Each structure stands twice: as structure tokens, then as C-alpha cells.
């Protein structure tokens, strides 16, 4: 996917057998491994003897948590951390997580990955009763609901269970009270969440790569609708909503997750490679090399190459040092093609017929530039293959596309798109092929509503944004 | 007052005739003039077309608002700013103001100077209904109440009026909605708040010195219990609680305010000088010089000198560059007297009989060090005169003394205190003299409960702290 | 190469037809593309009307040059920039470049990539005459020599020519005077340096990838021993030392440079791929996949795969967000294998016989960990192939290995090394194969002294470090 | 003195009996007490086992040395620190001190307070021999000369002695080698420098107030022309240039130094008070109050009040929180009088005849604003009394006035000046009165060239600036 469609976040949590464990280091490292899920802001909250200390700010983990900031956090019994996505607009410091609050029953810290579709309605309902909001996050809405439910419930577990009945949409939550750490995943299981362990600690993370990097062993995924509670004496599971339809966001496999992660039992790398193989069968073409758009097109390109027997090659180098002002600074050179993070490897593409694999197309502007760059570097033909079906519908669960009008597929045929991006040929993965793959992978229920318009749960006609823009007059 | 008893804050607000006025500069300068009321954190919120942008952080105004941060704030119709006091404990970034929230009726930004005595009760009541808190400030409690009342009221003015019925304690508030700027002062008028104007702008500030520095002319003080609303077409006043007892905190004159400020019609400098004159009549002593403890004892020392005919002199230089770590770093030199911000001017004190004027004594430890330093520098006699009556009772409205046990006066006679601080003589201002002065100044009703135990409004036996420390188990 | 052997830097310079051109943006973008050559510090100097303004500091380009810092630099006629390598020891802010000085003839700014082998001797000689040093860089030594020569010469060109006679070792220099921009490359051409152009500007960069990203077209490489002077009216070339032996550092192709760069006419990507092909022919082995150690082993792995017909696959994901404290923080988890920037993709390696390609081995500790990680992830066999000959000798021109005793090859046979890193088989590229490749590539003269012990110029027995450690007693 | 004429710096040094003493804290505190001598930049260098670690940057001591930066400096045997003045132009990070260099004989760190009048000539001479400069400071010139002399001398003491023969102008130096700490003061003793001690440490500081604050006891002043060397076994004094004319800069007493300092045996406070008394006798006038311009006019005002019997009063409050952007931000309010750091205390000045004491007048613009502000606040008469003679000549030793044309006295009579600043009367201290006072104070030889045009040493007709502005063409 060349354009950003990232409404992602990453969560990480840890509970220790010891009451004064140096957990901030582990959370820091875990968040670094999840950084691809969100570069805007990050934060860590530590629970020491029931009191919660935290630090959060705009910026990458490496910037917000230099050594002396990690050491300024106390040792404790448990802790949670978060990385947040970067929108195109201005970043809001206030929206950084964990959200740490005080309510009638004590302290609470929450981190959240996902997107509620009834956040606006819940907020309207809460506001009707006098609730005030300091952020524009769904997380704050969730905190309010948990607190409301906690007032009526006997335990935090019961409160979270009742909260889940009121939330609609995608959410993977870590909830830290004075004495407990809870992990909860929405009934559809839209967003990933897994549990790991080391000798002394129980760990939760959005992706298994964060377990690997912190030396934790993957135990299992949190199940859709499941609440896992960790206290000193036990790990307790409550399974809710068993009968609700399931639907892990297919884009986790296609784009969001790191290839080395395993989600709900399926390797992300293998999924992508399988898609590539499938594309090779479905949409073969004579060519000299197969190349992927870094980084999310690489695994599928590998699969395409293996299946087709055409050589896999690198067509680009992707800079990993591109700063916030890069694009803008590069544009000062007044050259349309300049400013991409990708630079073609001329020797690899010159005079070649190239099968170019990208994970998806959103607006089409970036892939158009990429193809132009390849042609300028001498590519003879560029055959674009997309490692997912055509993206045709808005999504409120996982991507940031709230209107199909913004999609390149809107009112365009495949050939229109091909012309627009100036490819010699263009093929998307068949939706049936995708279903085949998921079947082979034993992924019973993926949400692929963005390709089909059919979602595991009903989506309202209009979804209002949870922002501060309305004005009292 | 040698020890910090500062529970103060400073507020500044401005409303412009223009809709895109560069207000951030003026607020920055105004807050600089109020910085003595709070060094911990500061913030500015600007309302542009109903949307509120803000920036707040720990640190002095000069640190939080370098040029590029001021310029990052938009031009707008109105804006408010705040400086916050520094407690002895760790500073909390979350507590910085303005508090900016969204509620059913729109956006709201609030700054607050004062101390509610029913904050804990209000919070408990709010929490009972599911309210959540992200700070430990009274301001957040006030926001909640305003929002609750706004839901039931026809206008923000009515909501604030009803809010004021529920708040007990001291508060001077600036409230910015999408379209209006409101200033409100508690019925007792514990905390100062004045209104000024320039050609194009209406300005509010905690002290008139902030009007002076921004080129605004003092119009008048906001009255106790008054709500002033500024909109495009008019400045409207609502006077509430006219019959309630009044009581501007006497410590505003004695210690908090800048000498160049005029509060409720009385010059702070003149008040202090009058106290000094009064002390000279009440507690004369033969001596060579009169000197004040910088800075809050200087004006009274001047009055004492004028009245007594004894030369006013400087006994100390006070460093203005003392950083946060200074005291601690100085202590590394392992010298008890080192680390004071004051250094004696030896030539001025050596061999001299000194009348030393301090504004008040809280715990007595600092004045003891100061006298020791004078003696080490050769002072022959040190006669301590305190420019206020003995501080004998806790105060929840203006100072940070929540228990009389922490006061030097607790279970000690004046002579006990004299011995403890090692003065040759010690006299406090008589409470009657204080009353005389206030009468002469035409200040009808000052709150001097800290000297008398009698407050303008009833104080509950126990006042619970509004903190996050309670733990759910 | 798994261990860092980076004594690299990157240089970038630009000269404009206009006298007030906004050059800082272009230099910023160019340095970002060269960031892989040095992450420790960076800097930019701009010449406006003969006066030189500059900013340099520790940190990545994106950190040192946020938007407001770029804009704080003036527009100008020419400018140069630098990125500096990170040593294992503490970074020294003082060593950041450009070095900007004033001398008898005016102002001078210099950036340097390379390593002098007579820096210590030159410094001793300079110190003998009273020179003082504020850094431990060769660049400062070079500045001193240029200035000495300038005093005797008629022009800066002549001075640089004479300077080059005194410098021994590797250097690619950009030298900015009040009116001229000079580029110079050592007689052996150890370090790369190329020239490009846009419509209005002449550009110099360490690698062509920095031209691409700034929209400049590659004109040609600066020749070994060549001095190019750019002034308003002309671009002038002086070729010196034509008869001296040439020797571009082979490690530029093997490891340092970006694959998309073209150095001295040879594509780095192609060179690496050719090496991989060569290895496949030289050291075949039956296996399931070929995988490279990211990033510098990937291109060779591609070549090996193409030649052998064994599938290329990804064995690892490499995190791009690893902060400065990452390794250390990860080690807090007390797991030897944790802390690598690489995480294996289990599905790709489990049960597989793997041909693993790395660019080189220095100390062997990292590759040992990498192989252990692969085995832990289930690899059945790991056949290590090194895309360069055995690294057997110290190098003072390009890598940071100043003593052969630190190399894994010291007193070890290939089989000893194989056992140490726990590979099933291990083969290095034959030195003859390397020569073959370079011949095919028409690279007449590479320096491969680290593999052969034979350098293009004589190396003294002992090379003293240019540091501040000596103590006067 | 209302306008800045500050070419000052502050130096602090310490030598410990222990080899691993935590000295950075003490230096930090000492520099804080000297901060009034320079707010632009500061730095600390610590010598541990002969190696010198340092940190220096733009900003106040409290900003450059937060706790973790102080702790990042090693414990050591000795250390030196520096605060540097702020010019009106842009601050140069490069000019921060200590200057730390390496030369043939080892490491050297130098801090300097003063102004050489032959810096340009020395630099030209040094440049002629190939010297290069990275700063525009005299300190770098001094380092060069010390190093040159060190090459020819048997010891650092001898080298410094010979260096002093070549330096012309004002300088108080602290010089730290690998094993010794040296303090040196120019033959005229233009700049102050004193020595103190604690139980375990020898301390040097520009002013005695820095000894007081660090718990050190004043031993004595370093004599004009004296070099004091501290090593493990002894404190050794070399007195040079005994016969040269002496001349401590009179402005140290008048303006630069803190009132609590004692310089060359004379209390700064007493000197200023004596001047005030003298003014009262010399230029009496009927008035209601005497007030000083804070802070440097206050002590003299006190003396004037004592002598005249007219009440001393405070006319202004001076803000101590004024940030770097304050003046500029305040000007956004488009009010000429706004932006002063001083705010009048209306009650003290309204309807009053005021004797206003300022320490000096440079350009006259600020005092004009101050008087305007007093009149606006209702002052009936303003009689300006200047606590020094008319400033008529350029000075290259202590103030930043390099041309008499910039002085308000240039081509103006006293009455012209009076009119320009809009005072009712204006009197300067008689030069004879000044001489009387200095005689009474037993200050044999002050430099008062700025009042008389006669300097202790000959001043060249033209003094060239030591800058980078010359351009090679």
C-alpha cells in the first residue's frame, strides 16, 4: 500500500511476580518492536503499589524514552505501553496514551488499539449525562463506559464484560487497575492481541514480534471476545460473545503487521507469500524480474517469484532515515518525482520487464509516482500486481478510509486505474483467491469488508467523527 | 515569609474586537508579569473561530513559550493563560492549565486561581455519577460542575451562576467558550481579579501589574461574586451573592502580590509600607539599620524606617538566577548556611544592631538560617519584626498550610519562637493594628482567618485532599 | 557484516548560480540519503556573501535539523554538509563537522570523509610549531595543513594541491572558501565522491543516491587525485598524482554504500549480486532457501539465489526503529539472543536448510548470535557464505579495525571459525573470484588490503591514534 | 546603567585535595552566583586523572546544567567554569568557554574574563604563522600564545609568565593543565579575581559572592600581575609586572559586580553607597523621595537618602522572569513604554518630587523611557542623579563601548542630555568626588578612563575587532 491508511496503534503490557520489577525497559523494547503500528506518540504507565506513574508524549519511542526518562519511571508490579498512529493532520499531544484516570473505585490506566463505530453515539450519551472529554480518542470514551459499569458491577472483570456489550467496533484493550491487569479483545477479534510469558512475567502485545524481541514466549492469542485477568494468584479467562461473527482485519495480514509476527496462528510472512503465489497463478505475465514495493510488497513479490520462476529482484532502496520534514524539504527542489522514500536501483530495472507487486492501492497517487520513477530509470514494461482485492469500500474498523469516494476504485474500472498509474498491465488478487488462501490458512473468518462491502457487524449509514470541531453558538 | 506557602496561581485573559488578533504575545507577556504567582507550569489557549488551540507544559513562561511556540498558536478572537504554583512534591504535567475540554454544548477552556474547600466532596459526588478525572486540580472539578449546570441552563452565564452556588472556597476564574469570555470571582472575593482595556481589547488579570506591562489600563476589579461576560456586542455583569461575607485573602497584600499591583483599590506597596510604619510604632527598638528579607519584607522595612527614622539598608543580595537544582547542589558543599538564595552584605551588617523585617513566619526554619547568616556576618543584634500577626491557623483558601501543627506558632510562645530563631527580640504585628490599617485603607473585609481562626465562610473540620492516592483493593 | 566496522562519513555540497539560494533544504535532504554513512553527528554550513553560518550537533539529520533550524540558516551561494560515523565510545560534540575556521586569508569550511594514516605525524609536526587542536578529527589536521599551504601559495587551488602532497591516506574533501567550492579526492581514490548538477546548481556527494534524492543528475565521479573548483564563471579541474596507484576501498561496494548508488561507474547492487553469483558457483551446497543478513547481505543473497536456482527468502525482519538505548534496554531481559535488531521469520526458516549470506565477518560474535537465533527458530542446517574474502588484516583507510588481533580470522582456521559461529558449513569468497568480478566490472584498482595485506600505499608499522589521551606530567 | 554595556564574564575554579571529588556541583553553584556577569553561555570542565571532560552551551547555568548533566561530568581533581556575556547580536555557541585544547605538551582548559586590546594584532601575528581559529574569542588567542610560549619554556608557569608579557588589556584567567590549576590576573588588575578555600579545596572566583555561596572563605584577591599555581603539594605565587600602573575597572564597583561582593578589599555595596552620599552633598535638591533604578542604582540611592535625610523609596518593581523574547513580545502591543522590565509603583511616585539615581548613562534611551514612565505614573518632578562621572570615552578593557560617538555625551552638554531624557535636573558625580571616594576607600588605582580618557596603559588609535567578518576575495 503506497499511501498511508494507518489507523493502527500498538499495545504492550506486562505483569510481574515481583512487586518491584524494572518493567519500563521491557515495555520500551516491546514498544520499539511495535513502532510500525504508530509513530505519532507513545507512552508507558507503571503501577507501583497501586499508584500509577506515567509518561507520554509525541514522538518515536526512542525520542520520548531516552535512558533517563526510562529510569525516572518507578519499578513496579505491572505496566502498560502504547504507540499511536500518525494522522496527516497535526498531532495532538493530548491524545497520547496510556489514558490514566481516577474514578470512584480508584486508579485506572487504559491502552487501546482499534476504532469504535459507536464512539460518537456513546460520547453523545455520556455528554448528555455531563461527561467531559479532554481528548478526541475512543480510549477516553471506553474509560467512561468502564467507569460507569464499574459503579454498577461487583468487580472490574464484570465491568469490562458489561462495557464490551456497549462497545461496537474494533478494540484490543489493556486495562490496568490498582491490583489487576486485564486484556480484552472485541467479539469480532478485529485487532490482534497475544499473550506471552517469561519466567517471571506475563506479557501482552499487539503482535508476537514484540514478544520475540523481549525474550517472551508466545503462549496464545487472546480470543475474540475474551477477557484475561492477571492477578498475583492466577490468570483468569472470561469468554464472552462466543456466537458473534468473527473477523480479524485482513489488512493486518496484508499491510499492518510485521512479517515476522504470527497472528491468530498464521504467519504474516506466509500469508503474504501465499498471496503472491496465488497472484502468479491468477495473473501471470512474461517478465524479467519480480519486485515488491518496499516494505509491504516484498513478501508477496517473493511468493510471486517462487511460483512463477521469474527472478525476484530489488528495484528500490528505501531510506530508513527520512525525517518528518523530508517530503516537504525534498519538494523544495521542485521535482515531482523527488521526495519519495524510494530510490530505484537503476541497474536492476533498466531495460527490464518488471512485475511490480504492491500490497494495495488506496488513492493511486504514490504508485503512479513509483511507476514513473521506474520508467525514468529505464524499465521497459511495468506490470502491476496488487496483493489484495480491489479496495472498494470505506472501513471504520481498521483503516483510515472513511469514504469510498476517496478511493482510486471509485467510479473507475481496472483499466482506468491502469491508465492512471501508467502500468502496462494491472491485476488485483481475486476475492475468491483470497478466500481460498484464508481457507488454506485455516483462518475461518477474516473481515474483508473493504473488498466486499460486507462486514462482520452492521455498519451504520453515517458514522460521525469523534472530534472537537462542533461549536456551541 | 521565608518558607513557601504558595498555593497561588495567576490568570490572564483577553478578548479582541478583531477575530484574528495576534493575542498569544500579549498573553505571554502578561503571564510573565504574573510568574511570581506560580513557577511550576503554564499554558495559553487561543480561540479562533470557536476552535480552541492550546499549549501547556511544566516550566517558566520563558521556557514553555519560546518565540516559535508563541507563533505556533493561531491568531484568534480571545485567549486565556495561566501560571501555576510549584509544590514541594513532584510537578505533574497533567495539572497544567488551561483545562480544555469538550462537552455536549461545545468546547470550553478554564483557568483557575484559588482553592475549593469542597473539591473532595464535589468530586465524590461527581464520581458517584461516573465522572472520571485526569488531573488532581480543582479546575477539573469546576469544569465538571459547569458542564453539569450547562446541561440544565439556558446559557453559559446561567450555568456559571449555578456553578458558583455549588463551589465553596476561593476562586477567580476565566472561562472561554466558543463565543464568549467570562470572568468570575468567588462571593468572598478571596482571590484578586481585575479588568483592563486597550483600544481594541478587554483584558483580565490576577493582578494589575500584568495590565501595566501589556499596555492595558485598569478599568476596575471584578467584584466578589460577580460574573462578567464579554461578547462581541457587550460587556455584561451579573452580581451574585451580594449579601455573603467578603474576605480578600490578607496574604495577597502581605506576601503573594507584586508591590506594584493595586488590588481592590489598595496599593500592595502602600499596604506593606503602612504595616511597617505600624510595626515601628507598636514595636520600637534602638538599632542602627532597618532591613527587609528580600523581596517580601522590603516594603514593610521601608515603612518601618520612615516611621522610626532609623536608616533603611540592604542586608542581603538575593540571587535571581537560582535554578531548580540549586538548593540541592549547594548542599553538596555540606554547609548548613549555604544554599540560601540570600547572601549577606557584610559591610552593611557587621557590628550593626539590625531590625530585620520579614512578612511572616511559617515553620521558622528559614528565618533561623537567615539570622544565623547575619550573625556570622557580624551583626551585633538582630531584632525580628514580622509584618503580619502570628500565623496560628490552617488555611484552605490561599496558603498551603493545611494543619496548624506545622506552624512555628503551634504550642510555642512568642519567646519560644524568638529563642528558636535566635533573635534578640521578636514582635509580630498586632491583629488590631492590622485591622486599623485595613480600616484606614478602606478595605472593609479582609480574610485574616490564618491569624484569628475566623473565616468568612464556615470551614469543615476535616478537608480531604483532592489526590489520586486512594487505591481500589 | 554483522559487527560495525564503520569509519565512514558522508559529505554533500552545492554551489548555486544564484547568490541567495535556499540551499539548506537540499543539503538536509542530501544528508538524509547519506545518513547510513554516519549516524553520530551532522552539520550544515552556508556561505552567504562570503560569511559562513553553520549549525552542527550530535544526532541524526532529522533531529539536528527540524524545520525551524533549517530555516534559521541563511540563503546563500554555496553550502556543505556532513554526516559522521558513530563509534562505540562516547560521542564528542566537538568532532561534528563542517569544521569552520578563520585564518589569515579568510574563512574556510571543510568536510571530510576518510582516514589519514599520517594524521598523528602531521599533528605532531604542527604542534611542534605551536598548533592547537580542539577536536580529535583528521579534518582539523587537514585544515591546519591547508592554511599553512595557503600562506605560501597564490591560490586556494594551489594550496589544496600542495596539501594533498602532505596527506597520506583516504580523503574525500569539500572545501568552501569565501568565494569558491572545491572538491578533492585522495590520489588512490579510496573514498567515493561524485559530482552532479541541476539546472541551477552544481552538487557534490559521497554517493550518487544523494544526487537522485535531491533531483540532481550524476555528471561524473571526481577522479582519484583530482581537485574540482567551482566559481561563478567556471568549473575547473586539476588532476594530480596521476601515476599513483589507485584503490577504491572494496568495502564501499561490499558494505558501506547504499545498493542504489553507482560508484566509479559500478552499481553497488550489481557488484554485490555478482559476488553472490560467484559464491554460488564457488561454494554450492544443497539447501532449501537462500537468505541474506539484512541489509548488506541481501543483494549477494539475491545473486546466489539466481545463480543456484535455490529460492531466495527472507529469514529475518530488521527493525528500523531501534533507538540508542535499545541494545542495552533489551539486555535487561537477561536473554543472550535478545537485543538483536533482527527477528527471525519462523515460518520461513523452520525445518529448512538455509544458505545464509553475510557481507563479511569481523569479530564473529554477531553472526554467531544470528545463527543461534535461526537454529532456535527451527533451522535444520545453516550454511554460511561470506560475500567477501576472509578479513585478515588491519585497515587504516576505511574500516575501524586497527589491529588484526581483533579479527575472528586471527589464529583461526576457517573451520575454527565455522565451529565458533556454529555453522554447518562456511565459505568465504575466493580472493581470485573477487578479482575476477572487479575485472568484469572494469574496476581496475580496488584496495583489498584487508583481504590480502597489500595496500596501494605503504602503511607504517605502527599508526598512532589521533586522540587527546596523552597527558603532560 | 540602563543600557547594557556588559563585556563581562565570570570565572570559577576549584582544586581539591582528593583526586575524585564531586566538583561539578560546586562549580555549578558558583557559576550561578556569577550569572549576572554573563547570561549568554556557560560551561564546566573537569580534570580527572589528567583527562579533561567538559560541557558548554548557550543559555543560563540552570538550563545548561540540569541535574543529569552535572552528574554526567566526572568526579575529578580540579575543574573550571565560565559564564559569558550576551551581546546584542546573535549568540555564538562556538564562543562558549572553557576553551579546551590539546597541544604538544598535553591538554589545556582556559577560562577568561576581560578584553585584550592587542587581540587583533596577536591574531594577525599568529595567523601569519598558520594559526587557525574556530571562535572569535580572545580566549582562543590567549591559548595560542600560551601554547607557543609553552614550547619554549620549562614549565607552564614560565609559559604563562611569558604569555602575560605579550597580552595587552584586561584578563583574569584560570588555566587548567593535566596536573595544575593556575590563576592569573593582568598587570593592571583590570578585572577582579579572588581566592578562597574550604577544608579540602582551593577556590578561585571572579567575585567573592561566589565564594560565599559555595561555603568557601575568602583568602585574598589575586594581585595584579600575579600568577598563582596550585598543585598537590603547594600553592605558589609569582608576582610579575609589579611596577606597571594599576587600574581595576571602576565599573566593577559602579555596575558590574554584585553588591555583596568585596573586590580588592572594598565592599561594592559600600562604594556605591559612598557615591550616593557624595552625590547628595554635591548635587542636593529638594524632593520627596530618593529612588534608584533597579538594581544597580539602589545602593547609591540608599547613600543619597541617608546623607540627604530624604526618604528612600521604591519607585519600581523589576520583573525577574523576563525571558529572551519578552522585549520583542511586549512591543507587539505597540506601546512605546511597554516592554521595560520596570513597572512603576504608582502610589510611591504619584504627586512626588523624585530624586532618581542611576549608575550611569550610556546611550540615554532607556533612562528616557524610565523617566517617561515615572511621569505617566504621576511624578511631579524627576531629578536625575548619576552615580558616576559622565561617560565620555570608548573603553576596550571592560565595557562594550568601542566608540565615543555612540555615547549620549558625544557632542552634547549636560543640559542637552537633561532635555533629551526629560529630567527636571541632571547631575553626574564629579570626577573629583570619585577620586575622593576611591582615596577614602584606599583604592589607590582605579581605571576611570571612560570618564577621563586616561587609561593605565596606552590605547592604540584604532582597535580592530577580533571577528570573522573579513573576506578573502
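Think of it as A, B, C and D in the order they're written, each chain with its own count starting at 1.
As a convention for this text, contacts are C-beta pairs under 8 Å (C-beta built on N, C-alpha and C of every residue); 3 or more make two chains touch, one makes a residue touch a chain.
Everything numeric here is computed off the predicted structure, so don't read it as measured data.
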By label, the chains that touch subunit A as well as subunit D are B, C
Top of the farthest list for subunit D, CA-centroid basis, is A
Indicate the whole-number Å distance between the mean C-alpha point of subunit C and the mean C-alpha point of subunit D.
48
Which whole number of Å gives the spacing of the CA centres of subunit B and subunit C?
60
Express in whole angstrom the distance between the two chain centres, defined as the mean CA positions of subunit A and subunit C.
36
Which residue numbers or ranges of subunit B touch two or more of the other chains?
none
Draw the chains as points, connect those that touch, then say whether the picture is a line, ring, star, complete or other.
ring
According to the definition already given, which pairs of chains are in contact?
A-B, A-C, B-D, C-D
Per the touch rule above, subunit D residues touching subunit B in the complex are 22, 25-26, 28-29, 32-33, 35-36, 60-63, 65-67, 70, 198, 209, 212-215, 258-260, 262, 267, 269-270, 298-299, 302, 305-306, 311-314, 316-317, 319-326, 328-330, 332-335, 337-338, 343-348
Under the stated contact criterion, what part of subunit D meets subunit C in this complex?
49-52, 99-108, 124, 127-134, 136, 143-144, 147-148, 151, 177-179, 468-473
